[in-house]
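One chain, chain A, appears in both complexes that follow, with chain B as partner in the first and chain C in the second.
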Partner chain A sequence: MRSAQGEPRPLLGHPVADPLVRARKRAGLRLPGSGPAWYNVAGGGGSVAVSRETVEHIAVLARLGLDPAEAGEMERQLGAILAYVGKLRELDTEGVEPTFHVLGRLLPSLPLRPDEPLPPLSPGAALANAPASERGCFLVPPVIPEEAEKGGGGG
Partner chain B sequence: MEEGLWYLPAYVLAARVARREVSAAEVAEVHLRRLERLEPLLQAFITTTPEAALEAARRVDLALGRGDPVGPLAGVPAAVKDNLCTLGVRTTAGSRILERFVPPYESTATARLWRAGAVPLGKTNLDEFAMGSSTENSAFFPTRNPWDLGRVPGGSSGGSAAAVAAGLAAAALGSDTGGSVRQPAALCGVVGLKPTYGLVSRFGLIAFASSLDQVGVIARTVRDAALVLAAIAGHDPLDSTSAPVGPPDCESALDGEVEGLRLGVPREYWLEGLEEGVRRKVAEAIEVLASLGMKVEECSLPHTEYALPAYYILAPAEASSNLARYDGVRYGHRASGASDLNDMYCRSRREGFGAEVKRRVMLGTYALSSGYYDAYYLKAQKVRTLIRREFEQAFERFDVLATPTSPTTAFPLGERVADPLKMYLSDVLTVPVSLAGLPAVSVPCGLSGGLPVGLQLIAPPLAEARLLRAASAFEQATGHHRARPALDGGVDRR
Partner chain C sequence: MTSEFEPVIGLEVHVELSTRTKAFCGCPATFGAPPNTQVCPVCLGLPGSLPVLNLKAVEYAIRAALALGCQVARVCKFDRKNYFYPDLPKSYQISQYDLPLATGGAVEFLTPGGRKRVGIRRLHLEEDTGKLLHEGVESGSLVDFNRCGVPLLEIVSEPELASPEDARLYLTALRSLIQFTGVSDCRMERGSLRCDANVSLRPRGSREWGALVEVKNMNSFRSVKAALEFEVSRQARVLSAGGRVARETRHWDEARGVTFPSRSKEEAHDYRYFPEPDLPPLRIEPEWVEEIRAGLPELPEARRRRLVSGLGLPEYNAWVLTSSPALARLFDETLRLYPDPREVSNWVMGDVLRVLNARRLELEESKLTAEGLAGMLRLIDRGLISGRAAKALLEALVVDGGEPARLVEELGLTQVSDPAALAGVVREVVAQNPSTVADYLSGKEKALTFLMGQVMKRTSGRANPEVAARLLRDAMAGEGRAGSGAGPDSGGEAGGR
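After this line comes the complex of A and B, so read on.
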């Protein structure tokens, strides 16, 4: 598709003004009808009950400090999203292998790199983004609250 | 100064620079001036790097002056999504938690882009941690669609798509987890290529959902996308999921024949309520492909409707695990006034993460928590197998599949912000491909109501050459990629 000058030329010799004029002359091409409504595949906008206790427990696991307003909003939104993803229960997946690596079949063994040392980051570079550091170490607030004397946070 | 230099394809710019018809410095200056003029309207960039751009351009010109060989992208002004780490250049992932993060290393994809001679213009806006479909989840500001400044550019690579569509950059890198390169490319009227999972290294790409994340390319022509892909693809020992293959030779493949290619049109993608203009433009596009000699046949992928629910378990689950690293210890935002270490974690994450990121971390933590793992995460991984197999079966009969990229054209800013589920549904046509790890490209296929529509082409794993050959043939036959937003007129009137 390249001329001697190295510039591409149109496949059909010239830009087609109305490709449909040509295309529609070809008989037998049928395009599909309609599938499910794209805005409504959630299936009726239902909700799964997610209790405030569950939301608060998950927030603790995720180390997200949610305020009460955020927790209330989360309760409602998680319920709607979980109702939507619950659609997967319609499918029988008995005996189906999970796909953990999508190219597992095509590339059965992903190679590990040779165990050779590479130049590491210098301590200075590794610490450059640290919110607080001291004598080559990351500095953090007290790990055990009782031992905190005053205002240990922030570093 | 040549008018419209900024809309030349990257391969033409590279050729002119290499022949010394124009200097790389001049190309960079033209783009930087345009960026300065239009950026206040578009807000496509979080960080611009004009000094680095001019420096890189001067190096190209010096090398050419000495007669040294230069890379295939020498002098091409390029933008990079701000979730790819760049050595010494702030990288935020669109999040407050990384607002002041300056990476001590360079991602493999960007390192290869610069090695090929591309000129770094800056880091583009995105939905926080690439979670979103409109770029409105950026912690900093929303990006505007160059075709209509009241509309979103799509997302999450919205900054990259807007920058390329507006002629600020000749090409850009993005990342695609569930459609984040293809959907914004469709909404901005440019080419968006998501390669096969593992073809481009993820080293230095800030992780969102590791089994789905893939670096992709946004450009104005298919040939440009092929050129950039060839520069960045190929095995990288620093990414353990990197496919052990070399970069595909897509450039020469573009010149091949498409006559006789078997094109499947899966009926499940023709959703009821698909915007009428999208339906019409994609139907016309398929007729064009038929007119080029492709054998078009309708087919069925019956599990398509299960892809989005599976994705919204898998991606948040992986995200909740990946984002555990943001703890305020080694880098990123740390809250002040915490009483102890655990309190510091919670306060830092609460202050640093936006609403959508918190929602997905919560959802993912729930799906992975004790007692729910089998019902949600494992179930979704099994459904993923069904979707992958269905594509494999389709590719026994077809060489390429064609669908719309997005169910709608660009939507107004704010329209879907209040309803997370409605925003998630923006990805309904791009997510199945992501779950199956397949290569896909969105190419412009005309305008509806003055807004671009995208045609999505899908190929089997590692068949990028065939995919881009079909896309290029379509592009050459129609010329839809030459449509430009009325941005310059719009600017003059302001």
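After this line comes the complex of A and C, so read on.
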């Protein structure tokens, strides 16, 4: 692959001057460390703690109802996972190109498909498993129309 | 109102790409099919399905990026943007987060104060969502997933727009650029172009940033400007009263002409982006980019240069005439048939746009052709129709189309130049407006204008103005010689009704 600088580079494991940080700056994104609170888990060098607030916040985002015992368990498990992954923080990654994607090694680039139509599902098949439908549409609990305007491109 | 504060506006524009199929599956991406007939396991998010990216969508995105002067990334990747909403069957949208397809372009537009240039921060590919329908459903909302998965381009400007009018001009120039590349029809009323805005105010001259308010649900170019004008004065009012502007998302209510705070909770903005595990990074070979660059059509800027230096048109005309490829094409083709740039430009920018606006038609939807417009101009030159009849003819050419000469016959617009045919009307007008005639005879040349209007009214605008004026003068001179003076002013000016 070629790095953003133009010299040919493998996608993984070879030193370049932090292209992810450059790319994020170019794209006008927050740099790591300035994101929402829950991304910034405390600790380093192996000891990582996840707060109860973080667990509850993620539970709300994921639409999960956790009782206090479950939340405590999640706190412990997520902490353990982050501590395990946190081991990587012990490495000196100065000048190492970030792993953009775990498949980057297996597939040098994303395979593309020609713009040729394929037959869609037969009429009705799409709705066959829907709990409720009306006039060829999926019927869902009422959505406040104002919110419906958010439409494409997401919120 | 806003004099102590200056607005800082950035636009986020979504453009649907005109590919035949969706971004990650082979479903047709055509607009207007019956609900849920263009869906498959991939775009419905059924378990076990895998996305495969459409090559054409990437090519179109690169084409648009190049037209905007962006730098196309050598490597970009896709990420999942997670949120729950019924129009999103997977509960995430495949988008691009930290490594977008392109960055760093610019869009230029013409303001009364001269050219302005606004930076493009980033351009990325993502998939569209489904559509929610609410009308006539009591039990809930209806979802149609035909649009779900259609490739979308998101184009984010730098926050460099200084006024709502600048935002409108930027959007017009951006739409024109994208339309010229042919990658999208950019029809706002169909949703193939959508626009959100970030608006904040700061004390004039300050470098500080005010609280950012996101404005959504602006469905036309007019509503973009209206919504931003409302939002700018609202924030100015809050700040002038010593208040603080809340950082929030607001929706534009077209009917009431106001923005109001969205009911969605703040946490909805926490999208927990992470790399899309089903799609490895996309490498874009520079050779491919250069190939696409070489195939770019003539863009508005090159066309404007041609119109200004080649044809001697004013710069403003050149901008209007390149505001859409359809308008540019109409101008070019009409000019080929009727080689008078000024005349063609005046008609296209004046009456053609006026009729289209009045009828809320896009040029592509109208029946107007270059042949029709050129034919009309020739009929005027030959004295076969008056300027007033030409306007009526243009309406017909836009709405129904057809051959100008035949339309003139059908609509009875032929100019009447035969003095014998006009003599009767002229006699009537003179007889019924004795006081105006007296005014004319006493030297008030303006009185003739009124009498001409009467002749035009009675001939449905078909009288040849020169012939009619000559006949009127002759007839009144005859009155004057008759020496009878003005009799009792029976009808007066109103007699002409």
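One rule holds for everything that comes next: the second predicted complex is superposed on the first by the 82 of 155 C-alpha atoms of A that agree within 3 Å, B and C clash if a C-alpha of one lies under 4 Å from a C-alpha of the other, contacts with A are read in each partner's own complex, and residues count from 1 in each chain.
Criterion: a contact is a pair of C-beta atoms (placed from the backbone, for glycine too) under 8 Å apart; a residue touches a chain by one contact, two chains touch by 3 or more.
Values in this document were obtained by computation on a predicted structure and should not be read as measured data.
Chemist: For A:Pro123, decide between first (touching chain B), second (touching chain C), both and neither.
Modeler: Once the two structures are laid over each other on A, A:Pro123 reaches chain C alone.
Chemist: Just checking: does A:Arg63 make contact with chain B only, chain C only, both, or neither of them? Give me first, second, both or neither.
Modeler: Once the two structures are laid over each other on A, A:Arg63 reaches both partners.
Chemist: Scan A:Phe100 for contacts with chain B and chain C and give back first, second, both or neither.
Modeler: both
Chemist: Just checking: does A:Pro111 make contact with chain B only, chain C only, both, or neither of them? Give me first, second, both or neither.
Modeler: both
Chemist: Which partner does A:Phe138 contact after superposing on A: first (chain B), second (chain C), both, neither?
Modeler: Once the two structures are laid over each other on A, A:Phe138 reaches both partners.
Chemist: With both structures placed on chain A, which of the two partners, chain B or chain C, ends up touching more residues of chain A?
Modeler: B
Chemist: Name the contact category of A:Gly72: first (chain B only), second (chain C only), both, or neither.
Modeler: neither
Chemist: Taking the two structures together, which residues of chain A meet both chain B and chain C?
Modeler: 1-2, 6, 11, 20, 23-24, 26, 29, 36, 38, 61, 63, 100-103, 106-107, 110-114, 121, 126, 132, 138, 140-145, 148, 151-155
Chemist: Which residues of chain C touch chain A once you look at their complex with the stated criterion?
Modeler: Contact set of chain C toward chain A: 12, 14, 16, 19-21, 25-28, 34-41, 44, 52-58, 73-75, 77, 81-88, 93, 95, 97-100, 103-104, 121-122, 126, 128-129, 131-134, 137, 139-145, 147, 152, 154, 156, 191, 194, 196, 216-217, 249, 251, 262-264, 267-272, 275, 277, 279-283, 286.
Chemist: Enumerate the contact residues on chain A facing chain B in the complex.
Modeler: Residue list for chain A touching chain B: 1-2, 6, 8-12, 15-16, 19-20, 22-24, 26, 29-42, 50, 54-55, 58-59, 61-66, 70, 74, 77-78, 80-82, 84-91, 93, 96-103, 106-107, 110-114, 121, 125-126, 128-132, 138, 140-145, 148, 151-155.
Chemist: State the interface residues of chain B toward chain A in the complex, per the touch definition above.
Modeler: 15, 100-102, 104-105, 196-198, 211, 223, 237-238, 240-244, 254-255, 265-274, 283-284, 286-288, 290-292, 296, 298, 303-306, 308-310, 312-313, 320, 324, 327-347, 349-350, 353, 355, 358-359, 361-363, 365-366, 369, 376, 378-386, 388, 407, 420-422, 424-425, 428-429, 435-437, 461-462, 472-473, 476-479
Chemist: Could you please specify the touching residues of chain A with respect to chain C in the complex?
Modeler: 1-4, 6, 11, 20, 23-24, 26-29, 36, 38, 57, 60-61, 63, 100-104, 106-118, 120-121, 123, 126-127, 132, 134-155
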